[in-house]
Amino acid sequence: MSEPLGELEDLPQAYRDELKQAGVAPLWPMMRNVLPHGAPQPVTQAGYWNYDALRPLLLKAGELTPVEKAERRVLVLSDPGRGTGAMQATASIYLGMQLLLPGESAPAHRHTPSAVRIIVEGTGGYSVVDSERLPMEEGDLVLTPSGEWHDHGHDGNEPVVWLDALDLPVFVQLEGSYAVEGDLQPQRNRPDASEVEYKAAGLAPTRRPGHRARRFPMLRYPWTGTEAALRQMSAYGGDEIAELDYVNPETGEDILPTLGFTAMMFGAGQSQKPPLRSSSCAFHVIKGHGRTEVDGQVIDWGPKDTFTAPVFAAISHQAESEAFVIRIHDRPLQDKLGYYEERAR
Amino acid sequence: MSEPLGELEDLPQAYRDELKQAGVAPLWPMMRNVLPHGAPQPVTQAGYWNYDALRPLLLKAGELTPVEKAERRVLVLSDPGRGTGAMQATASIYLGMQLLLPGESAPAHRHTPSAVRIIVEGTGGYSVVDSERLPMEEGDLVLTPSGEWHDHGHDGNEPVVWLDALDLPVFVQLEGSYAVEGDLQPQRNRPDASEVEYKAAGLAPTRRPGHRARRFPMLRYPWTGTEAALRQMSAYGGDEIAELDYVNPETGEDILPTLGFTAMMFGAGQSQKPPLRSSSCAFHVIKGHGRTEVDGQVIDWGPKDTFTAPVFAAISHQAESEAFVIRIHDRPLQDKLGYYEERAR
Amino acid sequence: MSEPLGELEDLPQAYRDELKQAGVAPLWPMMRNVLPHGAPQPVTQAGYWNYDALRPLLLKAGELTPVEKAERRVLVLSDPGRGTGAMQATASIYLGMQLLLPGESAPAHRHTPSAVRIIVEGTGGYSVVDSERLPMEEGDLVLTPSGEWHDHGHDGNEPVVWLDALDLPVFVQLEGSYAVEGDLQPQRNRPDASEVEYKAAGLAPTRRPGHRARRFPMLRYPWTGTEAALRQMSAYGGDEIAELDYVNPETGEDILPTLGFTAMMFGAGQSQKPPLRSSSCAFHVIKGHGRTEVDGQVIDWGPKDTFTAPVFAAISHQAESEAFVIRIHDRPLQDKLGYYEERAR
Amino acid sequence: MSEPLGELEDLPQAYRDELKQAGVAPLWPMMRNVLPHGAPQPVTQAGYWNYDALRPLLLKAGELTPVEKAERRVLVLSDPGRGTGAMQATASIYLGMQLLLPGESAPAHRHTPSAVRIIVEGTGGYSVVDSERLPMEEGDLVLTPSGEWHDHGHDGNEPVVWLDALDLPVFVQLEGSYAVEGDLQPQRNRPDASEVEYKAAGLAPTRRPGHRARRFPMLRYPWTGTEAALRQMSAYGGDEIAELDYVNPETGEDILPTLGFTAMMFGAGQSQKPPLRSSSCAFHVIKGHGRTEVDGQVIDWGPKDTFTAPVFAAISHQAESEAFVIRIHDRPLQDKLGYYEERAR
């Protein structure tokens, strides 16, 4: 167990040439790289994006690049461990800040990766998913799941900004990522399902034989409902902060196949020290101020800021004021693969 | 196929005696009884119970029988097909009207059958299920599922009445019905889960590894939420009446293993002619007036009335005024057995 | 808790008349009947049917009643607790001994209840289920599940006898039992799925998108495979007898929605004292001799005999010789209803 | 839709510097890379490894590197698209040829990725998984699933070689891959579950309440059973080749969370032109000779050879002689992510 493994240099050059010729490579010199002892050794590093710094850059992108030349006008939040330009924030999570200006529209497409948008600022923006019109209000979660047509529009007067969270890195790595483009969709003239079919917990449209529920029946999770629910949890939660998972109301499953979303509420001064988790994650602040340590790195955060943590990071949150934060994570994927894990600190 | 089958009388008496001696009986004379052609031949008949008629009888039961001598002071709604005294309203559904007077309590027990209570009148009543205190307000559904301790109490000043719906007939027939008695339970000092954990559709307490959701996480479905959701459905439902199934918010499954509950809203003058269903069912009127035909029998109903229909009944509803009705049915059981069926009329 | 409940006679006759008039009945005088203390009080009693006694009666039925006058020429094993004539052996299990003579056929039908046939004697019999021809050899289990067309035929020279096990009582009680008749089916010219698609454990026809597995993909469980598997289990099972559940090879679920089947092998002299189970059950002896006590009643059994036990029966088996027995039980139904239970003795 | 998107060079250098400073990158210049039109653009290329060429290299590794210096003495089959040295054969599949010499043992460890070994040559090798001893015979599949302790040993006299198939690339990309080392395990003195508990299709150890089946109950799939089953399928399969999926006998699910295994049998001269699949795959030849085209590249294969194909490859097989091939693919993972797809050619 303790003896060091052989290295590539231990092998005769002629043999190494033969291996190369045959298209094979010895495992043992690479063994500890691909299977490190005891825990993964992530490349990913904690990242922090201050919204006040990001906003002018995003507005400038609006001046420099018309939406027609961008399709989606997004600044991608690059994992510091991989360097700026990386199309991912952690091993599995892509984050991007998207701008839509009044009167603009982002054309319809559908793709294998799934997205959730968290609305950051502005009113009048909307998404259309399979012809369902989804208003985008601050703090709302709006889903555009794998394979569903979606476009975006803007009826308001001020810039609309949202944070895109996608499982794009997983699909890119699996060589499964692609998109199909189409025309803007017609919009059904009625409110979205969160306002009609799924207006109350524990109620669902009556089941008819053969008519299966849509795979993603609820595409918008209005912030007003989430905040009210968190406040109620918090009132009866004792010392623990309030935490609610966003779920599919027809199945109780996570809202996307790979990514999970958890709404958190901190009372002023409240702190949380979660266990070490095998999931990587991102945090987006809806309201409030606080400080978070990620593997010793201190992050002071305020409204609309975003920050990330790699797998098994030691995370400690401390809220200054009452604060609402959404945690994005890949536990659903890890559950499906059977290896999600929490370790005591 | 068309030849009539042999009858018992076709067999020699000596042979019939031998069969009896051996503890066996020929199937063929009974074949069409147990396997009728094309559709079941239910014993169950449509029933109707006017609340105004029932109420004084129930109050008199309160005078005649102290709760200590009754445990549960209930008048059972007997299927007319089986005759008064039958402990069932349809083949699978038991219905009883229960009275609790101010200051009374019904002692704790738990049993294999499951119950849902629909609150008919009165305020101040409550149920305690596994130490969770569940207020009972008009129109609320309150669950006491299989195996969970439950008792009832009353802090108010007027009689409290509720309709009990149980799958008791199934358990009695399966020789699986029994109860265990216990003491009144302590009550946790906080609102029930419908007020805390399941306050909004699409949100659930954050999942922790190893901590599984309770099998019946939501034990109370407040009427206020149901009515609001129905109104919203109705506003966008076009010609169809609004219908919502009560579901487990953690799984989307029906709220009981055998019985399903569906809340219906009729606009004034709206009608519904559902397909013929293999499920038997009961209807309880929360508010409003209307007329329903069940296999040709006309039932004029008003607030707090209850009526039933056997399997494959031809049912036509016609609301006079805006009306809210809860349908109780055994589709969940039939789904599990794999034979639930709807037929066009 | 200990005070006796009120009785019907405690109520004034006038009030009782009013209740009857209103179609309602007080619960409390019936309370302990429908919800007895601590455990069910089954009507079902243990039964025992000696095959040597049954066989001549069955053959005489063959002489007295042509198959055209019987459709299915069956002697039903009536629960002694309900008396001869009862179309059930326990609360949930129907058992019948069926005879098919050379050259006869039993016409096609399909029905809501499901059946498993255990072949008792004879060769040349076969069932056709949805056009799949299923040979019937001694000890085989042959399924005719809910809703699937089935007929029976006989190409051999000696009488064929099998034991039918159905969930008929459940469907009759639920008023869900009915049949549809049809013509004899064409037979696909190839062996059944147990000889082709499901020839080895852990292998299944390759999955194609959209092509779902049949709900009941394996309709015949050949005895030769079962005996070989039991012998292997027994060789490595230590003191415990070998017990294998019959399962759906595509899902691992029980082979019928309500009934489960377990093959048991006893070494000579081996005994078993299972826990008290909430399921009722029947035992059919494939080979061997032994003695079983059911709630104190002693049953000495030999090849092809059948015996039963009610819910929560105290059962003790003692094999004289090496013995193979099939246990039929309703645990699958009780699992679905959520109340299956085992108690230590 | 058709207008070309803006490029990085279209943006002023000062702005690009600011973006870099802020840790963000514009999406649109990268948009078509991460979301190509219509289908993925895989880096992976078809690979082919002739066993006759590989074998001497593997034996030489045995001479050059003692197992103590290698832990696992494996030559990794590197995707030609990524170049020799790549620790993966496709986007999701790792393949390695492993050598164990007589008397050697590979020490115990467990890790998050899962493996299946397909035995290529030699007798006397065995794996121990959670103390269950699994003999390794030619053509057998032996599982060492995620999280289960495993070591390997060799009681024979000739080299033993097997092909390792792992989902390692997925775990590496997710930063979830790690291992824990331990001592050689004790071995239970009885045959593995394929010889005892899962000896026949449609039978499983009797279910006891609370005792859940192991997540991976069957760890060895003996080739003899697979070949016999394929021959039977083939005899009744008509023009289609015989294809059987390896499944968990307790659930019918694929044998690993991410990877699927399908055994294929070609009659002499038989061909197959499967649809374009979104899964990537590898083929390992158990017996026989044939020719396969992958995206126009011709591969002539014989016994023990291995070859691969990227996602959506156009694959055409033509067997010269009767041939048995195992297909390894990532459909289970794609099913879980909800995007597995087949396209007509």
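Side notes on the structure shown:
Read from first to last, the chains carry the letters A, B, C and D; within each, the first residue is number 1.
As a working rule, a residue touches a chain if its C-beta (ideal position, glycine included) is under 8 Å from a C-beta of that chain, and two chains touch if they have at least 3 such contacts.
Remember, predicted model here, so these are calculated numbers, not experimental data.
Separation of chain B from chain D in touch steps, taking the shortest path, is 2.
Here A-B and A-D were compared by C-beta pairs in contact; the pair with more is A-D. Remark: chain A and chain D have CA centroids separated by 30 Å (rounded to whole angstrom). Taking each chain's centre as the average of its CA atoms, chain A and chain B sit 43 Å apart. For chain A, residues touching at least two other chains: there are none. Taken as a contact graph, the chains are arranged in a single closed ring, with each chain touching exactly two others. Under the touch rule stated earlier, the contacting chain pairs are A-B, A-D, B-C, C-D. Looking at the complex, you find that chain C touches chain B at residues 1, 3-6, 10-12, 15, 18-20, 22-28, 30-31, 34-44, 47, 49, 53-54, 57, 60-61, 64-65, 68-78, 80, 84-87, 90-92, 96-97, 107, 111-113, 146-147, 167-182, 215, 257-258, 278, 280, 310-311, 330, 333-334, 336-339. Only residues 190-191, 194-209, 213, 218, 221, 225-226, 228-229, 232-233, 235-236, 243-252, 255, 262-263, 331, 340-342 of chain D touch chain C when the two sit together in their complex.
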